[in-house]
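Below you'll find a set of structures to go through.
Next, two complexes with chain A in common: one pairs it with chain B, the other with chain C.
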Partner chain A sequence: MTTVTQTGKLPAERRGGFSKKLSGIIEPYLYVSPALVLIIAVMLMPLILGLSYAFRDIRILNPFSGGFVGTAHFEALISDQAFLGALANTAWWTFGSLLFQFGLGLILALLLNRQFLGRRMVQALVFLPWAVPTFLSGLNWAWMFNPVVGPLPHWMTSLGLMAEPFNILSDPDLAMWGPIIANIWFGIPFFAITMLAALQSIPKELYEAASIDGATTRQQFISITLPFLAPTIAITLMLRTIWIANFADLIVVMTNGGPADSTQIVASYIFTQAFRRLDFGYASAIAAVLLVLLLAYALSVIALRRAMTHADS
Partner chain B sequence: MASIQIANARKSYGAVDVLHGIDLNISDGEFIVLVGPSGCGKSTLLRMIAGLEDITSGDISIAGNVVNDLQPKDRDIAMVFQSYALYPHMSVAENMSYALTLRKTAKEKISDAISGVAEILGLTALLERRPKALSGGQRQRVAMGRAIVRKPQAFLFDEPLSNLDARLREQMRTEIRKLHHRLGATSVYVTHDQIEAMTMADRIVAMHDGIIQQVGSPVEIYDKPANIFVASFIGSPAMNFLKGSYEISDDNGAGVRLSDGALVPVLQAQNAQNNQAVTLGSRPEHISIVSDADNGLPAKVELIEPMGLSTLVHVTLAGKPIKIFTMDRPNYPVDSFIHIAFDMAKAHVFDTSSEQRLPPTTEPHSGHKD
Partner chain C sequence: MTLTGQTSTRKMIYWGSHYLMIAAFVIFALFPLYWLLKVSVTPNDILYTEGVRMWPSRTTWENYAFVLTQSNFPKYFLNSVIVSGTTAIVTTLVAALTGYAFSRFAFRGKVIIVALMLITQMFPLVMLIAPIFKILAPLGLTDSLTGLIIVYTAFNVPFATFLMQSFFDGIPKDLEEAAMIDGNTRFEAFRAIILPLTLPGVAATLGFVFTAAWSELLFALMLVSSESASTFPVGLLSFVSKFSVDFGQMMAAGVLALIPACLFFLLIQRYLVQGLTAGAVKG
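On to the complex of A and B.
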């Protein structure tokens, strides 16, 4: 035994010395350095650079801009009515889309989880809206809402929902529903597919045991399906909230934030500030605020989830 | 508790027939084991009794009532699944009380029932745990407890022990049997393990290809298998089979002439013709190793398999592998020749073409089929 430990120890002792110790400490970092360099270059650098713009005056059309302005942009933001309106619109846009995407996606997943003829075909087709470029679907929906070329206003009039065909996208009170409806259509497949995958991982015997125990379909849904879906629901709702809040494409294509900023969300307001008014500094400041808000949201959801799983076990 | 009648029950999936007219009467309090290889239809039959599969035609009655069109919950049966099917998000107590809660049983009654059953199964300390915090054996017990708490008309078991290791399986086997004695509940137990079938059943139902091959007590099935399938499926190590032709000798004796010309004397079989193609069946424990060359057939030793309690000697006879069970500790070198003798009274003669057993003339006629 002693001889074994002796021989095992010897090389380390022979190393000795300060430089040897130092190289021992540095060595592991050298191995991970390629990955670290990559992460710093593609993730950290742009983030820090972008955040730094928020504290500088960067206007493309003004060649004398570029100076450090401190927190001036943020002070301007507090009293910027357009920004505050965009914040409220973002909440409406995000949760309005999310609620329907999730609800309808879950229902669709439950339907697709049943056995029927041509199920695989339908499963593939359901994924289609997700595969259409958002720019194209935005244009499509904008046209569909247009009474000149689209059928929707005429259908709504026939159904008695509208007095006469008009474009809801040009009505400040209703305009937000246009992009929201397009976004619901676009986002349902995501929830349907993820929920379907989670549903299919639930062992069939549990439902059989429950049906023998006397549980109705509704009781089975509550005591088996929902608990199994809960982790997937939590993570997808969180991800989608962040994605939708940042998702300006449909709005920019369909309404461009109008009419009268009634559909302007923070993400589209950033786009407007940066690429229409070409004020990169101010746009960066808005982006920084959005980042902080979404980070706070994500952290609170993660904390909530952790609390729930702890209560679970 | 209740009896279960199955009358001409059939099951087809499209054009594929899985069960071809099953007839079976299970009496009140009986422990029936359905045994057979995978794909023989035993699980399907059990699921049809439970109401988890539709019945294509025929009738299944529980306690005299035809249940063909009843929902599983209305059949008053409990089922123990191979995967246990415990609700992972509920504690042990919640798992066991779920059925009672759904029936809106009074809270005190539920907790009385749970503590009583937990006591019987030794689960009292585990009631607040989640299934994932339990070992396989404990989960198995919870699944049993969930079934017992409801006091159903009948228990259905679908290979409940196959996910356990050998030692635990042996232990649970005994426990389930003791529990059955205690509760006296009608039980239908599905397994592919013939040892479980032998040790647990009041009556064994041997199934193959969607047809009941034989129904009988374990000893009856073991000693008087109806055909080659039952003879080969029940018993471990399995029965030895040798093809040959039936011969009646002048002195009213009989024998089976093997392919190498050797004659194995057997009891005269019913309805067996001279020179009929038959298969000789003999269990490993019914073949003995003899020192005397006159009374034995020469066989070549292939392998000696010590099993602790006993030893299994693998030999070749007439070009066919034969296993011999012995309580001795033989030490024959491989490739050496020994002499073996078949126990004439215990040897079986099967008709090679129909595979049915031809019982000896000394055995009274009896219908093996129930």
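On to the complex of A and C.
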């Protein structure tokens, strides 16, 4: 508000009269319009179109498809074992990855929040996995787990965790650990960076005052650091949960959902239906379900937070 | 005397474990990349016999020579550079304009536009794969680099906008207002005074978007079908399924894919903490 009213008082604006004033009103929209056009054309319209596909029979290889099928896709979904398995796998994948990413990321941020020799160098190195293209992280970890060229199976054998070196990615019971470990490796820097930024925004005087009052390091952590970090932790965890649940790249690259759908998550299942089977209608129906589930998750988290802050005050 | 001795021992234990944990994180972060490099320079005949050795007894560049001269990778690499570079430049331009408007103007509908952009950060992009393919196919934009650039630009604009806005917010408004009193239009002031001051922000945004476009896989797989329009991720993945035996060559290609990402990472590394808090916590 302030800027527009302020500029109205400037001499340059006053000289122009009505047309100047009009252009002053239009100006912000001119700045915003390229972004808006792109987002509407490439994200909003496809989203609406996609939701309509969920109720239609759209298969790219079948020229006679395209008709309205009502809720047939959703009825098929309820009895689709692969989809139901994918739902459970999504929860396992998301919270398995998130827990370790967050825990290790927070520890790393606390370690980096101290001044020590070589800190800048260390920071650059530990953040590097975040810059590695995800398809490459996926391939690289798949190779690390491969007993032919990777060291991990041999190490696990020496440690007695395996009877003989084999690829955990081809074992239905263990395969999910592969993408999860790759995801932890890729995701720690994100949490570390976010937590580090939050840690650095805590006023130093608070710690000084607390140590003058004789508070121990642990007391300072509990009564200063944690309360200050809590809002960042809450919002980052929520956003990352949604992000990881949607993150299919590592799974597509490392296991393609296999073996026997044991690593298929909902997002990778959507991709498989669209990309391999070219069944856009069914893929869109799964996508619609995923959207509703994530929305419900986000809303319940927000409601929970609101209830908790109300209880506090 | 004993007291200081005790505290210094405790201090030593503290810093010892501090460095030990730091070392563990560094090793965890770097070892997979080290291994990638190691296999890429291992000659084929000793790849399996020296499978778990930390460094091969002989090294070779022949994997790189093959990838650079006998394969399609130079083409994929060029495609990826074109797509990521153009996406980064266009996105940063569009995001700079929008971020500036968010930072400096109050206008009707602003809240809705900001909310729209926030929502795009939350919903699964994978669900757009089918409809985007259907929209782009009749326009001749599937199997084309232009199509990929348009899609990537739209996907990256919201985050880049919030990032740019945070940089504009850090610049005092008085600067362009002074220029406007001198008779310049706002756009002139924006271009001549504000943009140069946000150059670090522009660099960071370019870096983020380039890295994101360089890594994107699923849309590239869906939208591109020919070799000539393949980006690096698509090329590498098809290489893996075709010649699944030649690990040395694949990893050499992988190392090559890593180079631009690492260069941009070094460029933006300084702004990571600032940029991600601005973008991630809002978005």
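Please note the rule applied: the second predicted complex is superposed on the first by the 264 of 313 C-alpha atoms of A that agree within 3 Å, B and C clash if a C-alpha of one lies under 4 Å from a C-alpha of the other, contacts with A are read in each partner's own complex, and residues count from 1 in each chain.
In this section, a residue touches a chain if its C-beta (ideal position, glycine included) is under 8 Å from a C-beta of that chain, and two chains touch if they have at least 3 such contacts.
On a predicted model such as this, the values are computed, not experimentally measured, just so you know.
Asks: Taking the superposition as given, does A:Asn62 touch the first partner, chain B, the second, chain C, both, or neither?
Replies: Neither partner.
Asks: In the overlay, answer first, second, both or neither for which of chain B and chain C A:Asp249 touches.
Replies: In the superposed model, A:Asp249 contacts chain C only, not chain B.
Asks: Kindly classify A:Leu206 by the partners it touches after superposition: chain B alone (first), chain C alone (second), both, or neither?
Replies: first
Asks: Quick one: classify A:Ala215 as touching chain B (first), chain C (second), both or neither.
Replies: first
Asks: Would you check which partner chain A:Ser223 touches, where first means chain B only, second means chain C only, and both and neither mean what they say?
Replies: first
Asks: Between chain B (first) and chain C (second), which, if any, makes contact with A:Ala298: first, second, both or neither?
Replies: After superposition on chain A, A:Ala298 lies in contact with chain C alone.
Asks: In the three-chain superposition, say which chain, chain B or chain C, touches more residues of chain A.
Replies: Answer, by number of touched residues of chain A: C.
Asks: I'd like to know which partner A:Leu36 touches here: chain B for first, chain C for second, both or neither.
Replies: second
Asks: Let me test your reading of the model: by the given contact rule, A:Phe190 touches which partner, first (chain B), second (chain C), both or neither?
Replies: The answer is second: A:Phe190 touches chain C but not chain B.
Asks: According to the stated criteria, A:Ala124 is in contact with first (chain B), second (chain C), both, or neither; which is it?
Replies: The answer is second: A:Ala124 touches chain C but not chain B.
Asks: Where on chain B does chain A make contact in their complex?
Replies: 50-52, 71-73, 77-79, 81-83, 85, 87-90, 98-99, 102-103, 130, 146, 150
Asks: Okay, in this complex, where on chain A does chain C touch?
Replies: Chain A reaches chain C through residues 1-4, 6-7, 10-13, 25, 27-29, 31-32, 34-36, 38-39, 41-47, 49-50, 53, 58, 60, 104, 107-108, 111, 114, 116, 122, 124-137, 139-141, 143-144, 147-151, 154-155, 185, 188-190, 193-194, 196-198, 200, 232, 235-236, 239, 242, 245-246, 248-249, 252-253, 267, 270-271, 274-275, 280, 283-284, 287-288, 290-291, 294, 298.
Asks: Which positions of chain A touch chain B when the two form their complex?
Replies: 203, 205-206, 208-215, 219, 223-224, 227-228, 312-313
Asks: Would you tell me which residues of chain C are touching chain A in their complex?
Replies: Contacts found on chain C: 15, 18-19, 21-22, 25-26, 28-30, 32-33, 35-36, 39, 47-48, 51-52, 94-95, 97-98, 100-102, 104-107, 110, 113, 116-117, 120-135, 150-151, 153-155, 157-158, 161, 173, 177, 180-186, 211, 214-215, 217-218, 221-222, 232-233, 236-237, 240, 247, 250-251, 254, 257-258, 261-262, 264-266, 269, 272-274, 276-277, 280-281, 283.
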